[in-house]
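What follows are several structures.
Look for subunit A in each of the two complexes below; its partner is subunit B in the first and subunit C in the second.
For the complex of A and B:
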C-alpha cells in the first residue's frame, strides 16, 4: 500500500498552503461566476411577469425552455447569430491572417503599419459603433454621400434601415474591429515558424506557395485553432456593435442571441425567459470552451 | 427601528404635512386652475397672479435645518438640450442648497433611453436611489413590483387636486398613489414655413388632418427634394410612441382603449381599423412616397434636429423646447450654414397636432417624482430628506422653472406664478402646446405599458415599413402580442 495514492482530504491537508494561496481567487470566482450561473439556472424555471415582484415569481419547470424553442423570434435570432458569428469569424481571421503575413515580411514602415492596423482594436467599441452609425447613416452618411458623388448609386445606400443589408453592414464593422486581434495572434504564430526549415525547403526547390502550404500552415495549426475559437466565442457574445448601431432592428433583422436576451430581460422584463435563453447560450459556450481547452492542452504531458 | 408611519414617513413629518394641509390647501385649492376654461387666453390671463414662497411651503413639511442625504437619479439636460435647460438645472441645485443647506443631494443624470433599465436593475439589486424623477409611463410597473413607496401630493404639502387628473392617474396603482407629478406637457406640430412655400403650400397653414399631413409631406418631397415629415420609428425609444400614438388615436386606433372616455384597458385596439389606417398612412409616407427620412427606423427625435435646422426637413412633432434648441443651434452655426439656420428659425411655426376621423389627440406626457422603498435602497433611507427634496421640486416655483423650455408645471399653481408669465413672454409657441394639455391622452396605466409602447408598437411600425409584413399582418401581429401579454385571450 506504500504506493497507493493518498486520499483527497489528505492531499488537501498536505498542500494546504497552496490551497490557501488560491482560496481568495476561488472565493471571488465563486461569488462573481458560480453564484450568477446558479441564480440564472434557478431563475430559468420561473415565470417573472412585469406586474409581479421578483420574489413572487411563479415556478413553471421547463416552461421557459419550451416557450423559447417555440418562438419564431428565437429561430430568426438563431439564424442571425449563425450568420453573424460564422462570417465575422471567417472574414476577421482571413483578413487578420493576410495582414499578419504582410507584416511578417521586412519592409520600410512596417512598425508604423502595424500600429495603424491595430487602431480599430484599441478604439472603444461604443465609440466605434456611433462613428460607424453616422458613416452608414441612410440619409446623411458619408459613405452614402460618396457613393452618390462618384455616381456609384443614385441615392445614398440604405445600410442600417434595410432588412437585406443591415446584417452585412454590421459584420463589416465587426470584422474591422476585430481583425487586428487575429493579426496579432497569427503574427505571433508566424514568428515561431523555424527559418531553417523554410530555407532548407527553398534549397530543395520548393516555391513560395509550397513553403507556405507545407511548412508555415502546419506550424500555425495550433494558433489558428485557438484564434478561431476565441473569435467564435467573442462573436457569439458580441453585444456592443449590434445593440448600439441597430438595437436588433429593423424588424429584428439584426437581432442575435445576446441582444435578444437583453431585450427579453430589460426591454420586456422577462427575467425568467431571458435566464432560460442565457442557459442555452451558456451550454453552447461551454461546448466551445471544451474545444478551446482541448486545443490549448493538446500534447500536454500528464 | 425607525419611526416610520403608514407611508414610511416619520410621525413628525406627517404632523407637519397635516399642518400644511390646514394652512395651505384652502388657499392652494382656490389658487389652482380651471380646466373647463382652459385656453391660451386663460393661461395668459392667470399667469403672474400668484406669489409663492417655496422655502416657507417646504418648511411646513420638513424643517429647513434638517440634516440628511438624498440619492437622486434623473434625466438631466444633455447636449441636445438648449442652454437655458442647463442654466436652470444649475440654478435649481443652488436654490435647493440654499433652502436646505444641511441636506446633501448625491445626483446622477442618465440618458432617457437607459434610465429605466438602470432603475429596474438597481432596484432588483437593492441599490436604487432614494428619489427618482421618471416619465409617467414607468410608474405602474415599478409600483406593481413593489419598488415604490406610497407617496401622495399631500405627503409633501400639496393637495392632489392641484395636479392634472391624468398625471395623478399615472402615479396610481391599485388605488394607491406612488408619486407626485413634476411636469406635464403635450407636443405640437412644428413646420418650416419656407419649405412649405417652396412646395407651393401656404406657409401659415399646417395640415389640419393626418391625411393632409401625408399629402403635405409628399408635396414637399416632390417639389423640393427635402424630407416632408420627421417620422420616428426606432425601437426602445420613447420618441416613437409619442409620435405614432397621436396619429393612431386620431384614426380611432390605440394600443388598448386608452383614448376612450373611460378606459378599462381590457380591449386591444392595435388590430382595429383605426390602427391599421394610421399604420397605412405611415407606410404611404415611408414606402410609397418616400417623403420621410429612410433613417426613420433608427432615428430618435434628436436625429431630426440637424436636418430641420439645415432646412432639409419640413415637419416634425416635438416639444416647445425645440424652438430654443433651434435658436441655440443657429447661434453656433457660421457662414452659409448660419444664414440657412437663421432662415429656418425665422420660418419655424408651431401648430396643433393634426386631427383624424375620430379625434384630435396628443400624448399627455410628463414626469413624476418617486420615493423608493427603504428595502430597495442602498444604505440608510432618510425619508424626511427625500420628502423635503420632492416638496421643493414639485412646488409651484420649481415645477414651473424646471419645465421652462419644454414642458409645463405639474403643480398647476405654477401656471399662476410670475415665472409662468415670463415663460409665456419668452418662449415662442408655448401657448400652442399648453393649450392642448386638456386634450392629452395618457398611455395605459398598466405595468406592461413600457413594453407595449417601446417595443410592440415600434416593432409593428418596423414590420410594416420594411415590408417584412403587410400593414394588416403587422397590426394583427402586434395585437396578438398584446393579448398574449395581458392574457386577454
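For the complex of A and C:
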C-alpha cells in the first residue's frame, strides 16, 4: 500500500465508515496492549523503589540494562532459556511430525487416535504440571518406581530436586504438552500435498522415501516454518510449567527468562529492572515476529 | 495398496508408543484420584487402587463442606471469567475481522500485522504495566481485571481466526444482496453472520479454553480467596493440603473435563481454528 500517495487523506475520508468496524477492537488494543508496551519501555529507564506506589522512581538511562547484562543469574538463565527453547521445540516438532505422518492415511480409529493425542495440548498447563510433579515425586512417583521395577535404576531418581536432571525433566513435560500442536499443524500441511502428484510418482517407480523427500517435504516448507516459529515463541514465553514444577530451582538450575522476570517483578518488586529485562526479551521476539509475518504473508500477494 | 510395507508397521509402532506417552500421565491421574491418601503414599505404588473410592470427588463436589465450597467457588469463578471474556472478545472481534477481510482502508495492513504480532509478546511484558493500570483503576482483586486482561490474548487471536473464516466466504453473496437493495451493514448481518457461525463457534471455544487455562494473570491480580479462578485455586489447595495427592489429582481431573469435553465434541472446528492461516491450500 503506497501510503505516501497524494490523496491519502481523501482515501481515509472516503473509507471513514470502515473504521467504525475496527474502532472498538482498536480501542481495546490500545488500552490493554499498546499502552502496556509503552509503559514497559518507559519504566525500563527508571530505578524503581521496591514498593508498588512507584512514586520515587529515578531516571537512570540504560542503567537497568547494564545491570542485567552484567548479572551472573542472567547469563545462567539465558543458557537455560536456550536449552529449554531449542530442545522443547526440536522434540515437540519431531514427535508431532512423526505422528502426523503416521496419521496421514486412512485406518479404522484414526479420528479417535487424533483426538486422544490432542488431549495433552488441551488440558490446562496447571493440571499438567501437578500431574507430572506427582509422576516425578521423589518418594512415591510412579516413574521412579517403574524404573526400579524394570531394573533401570537401583533407587528412584530425584527428577526435580537434582540440578542435573531438572531441565531434562521439565522439557519432557513441555514436549508432552505441545507435541500435539505440531502434529495438528503438520497434519493440516500434509493434507495439502496433492494426491495425484504422489500417485504419479509411484507409477513412475519412485519409492516411499523418494516420494517423501522430493514431493512431500518441499510442499511442507511453509507450514514447517510457521509451526517451528510458533513453537519457539511459545517456549520462549512459557511460564506455567517451570513456575509450578520448580519455580526456577533448585539453585536456579531451571530458571528461564520468563520465570526470572516474574521473580524480579513480583517477588522482589523491582519493576524497573524487570521492565528492562522484558524489553530484552521483547527485542528477541520482534526478530522472530518479523519472520513469522513474512512466512504468513508469502504467497498472499493481493 | 494393502501390502504390509515396513513404513506402515513403523508408523503403527511409533503411534502406539506416542499414545502410551500421551495417555499414561492422565491414566495415573485418574488412578491416583480413586485412591485413599494412605494408598497413594505407598512404595512401591499400588498399580491399581486396591480399594477404589470416590471419596475425593464427593468431597470436592459437595457444597456441604469447606473444601467443596472452596472448590466449587473456584469452578464457578473460572466459568464466569472465561465466559465473560470470550463473549466480550468475540463481540469486539467480529466487526474488526470482517473489516480486515473485506475493506481496503488506508492503514489496514499495518493495523492487521500489529494485531498478528501481539501473538509474539509474552504475557510477562504486559503484566507489570497492566498491574499498575489495574491498581490505578481500582480493579486489583476483582474479576473485571481478569476479564479485561484476557482480551490481551483473546482479542488478537479472535480477530486473526475470524478473518480467516471471512476470507473463505465468497464476496459475491454480499454483492448479490447489495444489488437487491441491502445496505452494507445489512448484508453483513443477514448474509455473512449466519454463514460465519461455525467460525464464530470455533473462535469462541478456542478463546474460552485459553481463558479457562490462564494462569499468570490470575496468579498476579487476584489474591482474595473468594475470587480466585481454578488454576490458581488449585495451587492454594495444593499448598494447604500438601500431602493430599488424590485430592489434587481429582481436582485436576474435574478441571480438565470441561475443556476436553468441549474439544472432543467440536474437534473439527477446533482443529480448523488451530491451523487456519498457517496452511494455504
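The rule is simple: the second predicted complex is superposed on the first by the 292 of 302 C-alpha atoms of A that agree within 3 Å, B and C clash if a C-alpha of one lies under 4 Å from a C-alpha of the other, contacts with A are read in each partner's own complex, and residues count from 1 in each chain.
The working rule: a residue touches a chain if its C-beta (ideal position, glycine included) is under 8 Å from a C-beta of that chain, and two chains touch if they have at least 3 such contacts.
Only a predicted model underlies this, so the values are computations on that prediction, with no experimental measurement involved.
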item	value
Which of subunit B and subunit C A:58 touches, first, second, both or neither	neither
Which superposed partner A:161 touches (first subunit B, second subunit C, both, neither)	first
More subunit A residues in contact - subunit B or subunit C	C
Contacts of A:266 with subunit B and subunit C, given as first, second, both or neither	both
Touching partner for A:282 - first (subunit B), second (subunit C), both, neither	second
Which superposed partner A:274 touches (first subunit B, second subunit C, both, neither)	second
Partner chain(s) touched by A:140 [first = subunit B, second = subunit C, both, neither]	both
Partner chain(s) touched by A:152 [first = subunit B, second = subunit C, both, neither]	neither
Set of subunit A residues, in rising order, touched by both subunit B and subunit C	52, 54, 137, 139-140, 266
Complex contacts: residues of subunit A adjacent to subunit B	50-55, 133, 137-140, 156, 158, 160-163, 245-253, 263, 266-269
In the complex, subunit C residues that touch subunit A	5, 7-8, 11-12, 14-15, 18-19, 21-23, 25-26, 28-29, 32, 40-45, 92-93, 95-96, 98-100, 103-109, 111, 113, 115-130, 132-133, 135, 148-149, 151-152, 155-156, 159, 184, 209, 212-213, 215-216, 220, 230-232, 234-235, 238, 245, 248-249, 252-253, 255-256, 259-260, 263-264, 267, 271, 274-275, 277-281
Touching residues on subunit B, where the partner in the complex is subunit A	117, 120-121, 124, 141, 144-147, 227, 234-236, 293-298, 306-307, 446-448, 450-451, 454-455, 459, 462-463, 465-468
Subunit A - residues contacting subunit C, complex	1, 3, 8, 11-12, 15, 17-22, 24-26, 28-29, 32-33, 35-40, 43, 52, 54, 95, 98-99, 101-103, 105, 111, 113-120, 122-128, 130-132, 134-135, 137, 139-140, 142, 145, 148-149, 176, 179-181, 184-185, 188-189, 191-192, 208, 222-223, 226-227, 230, 233, 236-237, 239-240, 243-244, 258, 261-262, 265-266, 271, 274-275, 278, 281-282, 285-286, 288-289, 292-293, 296, 299-300
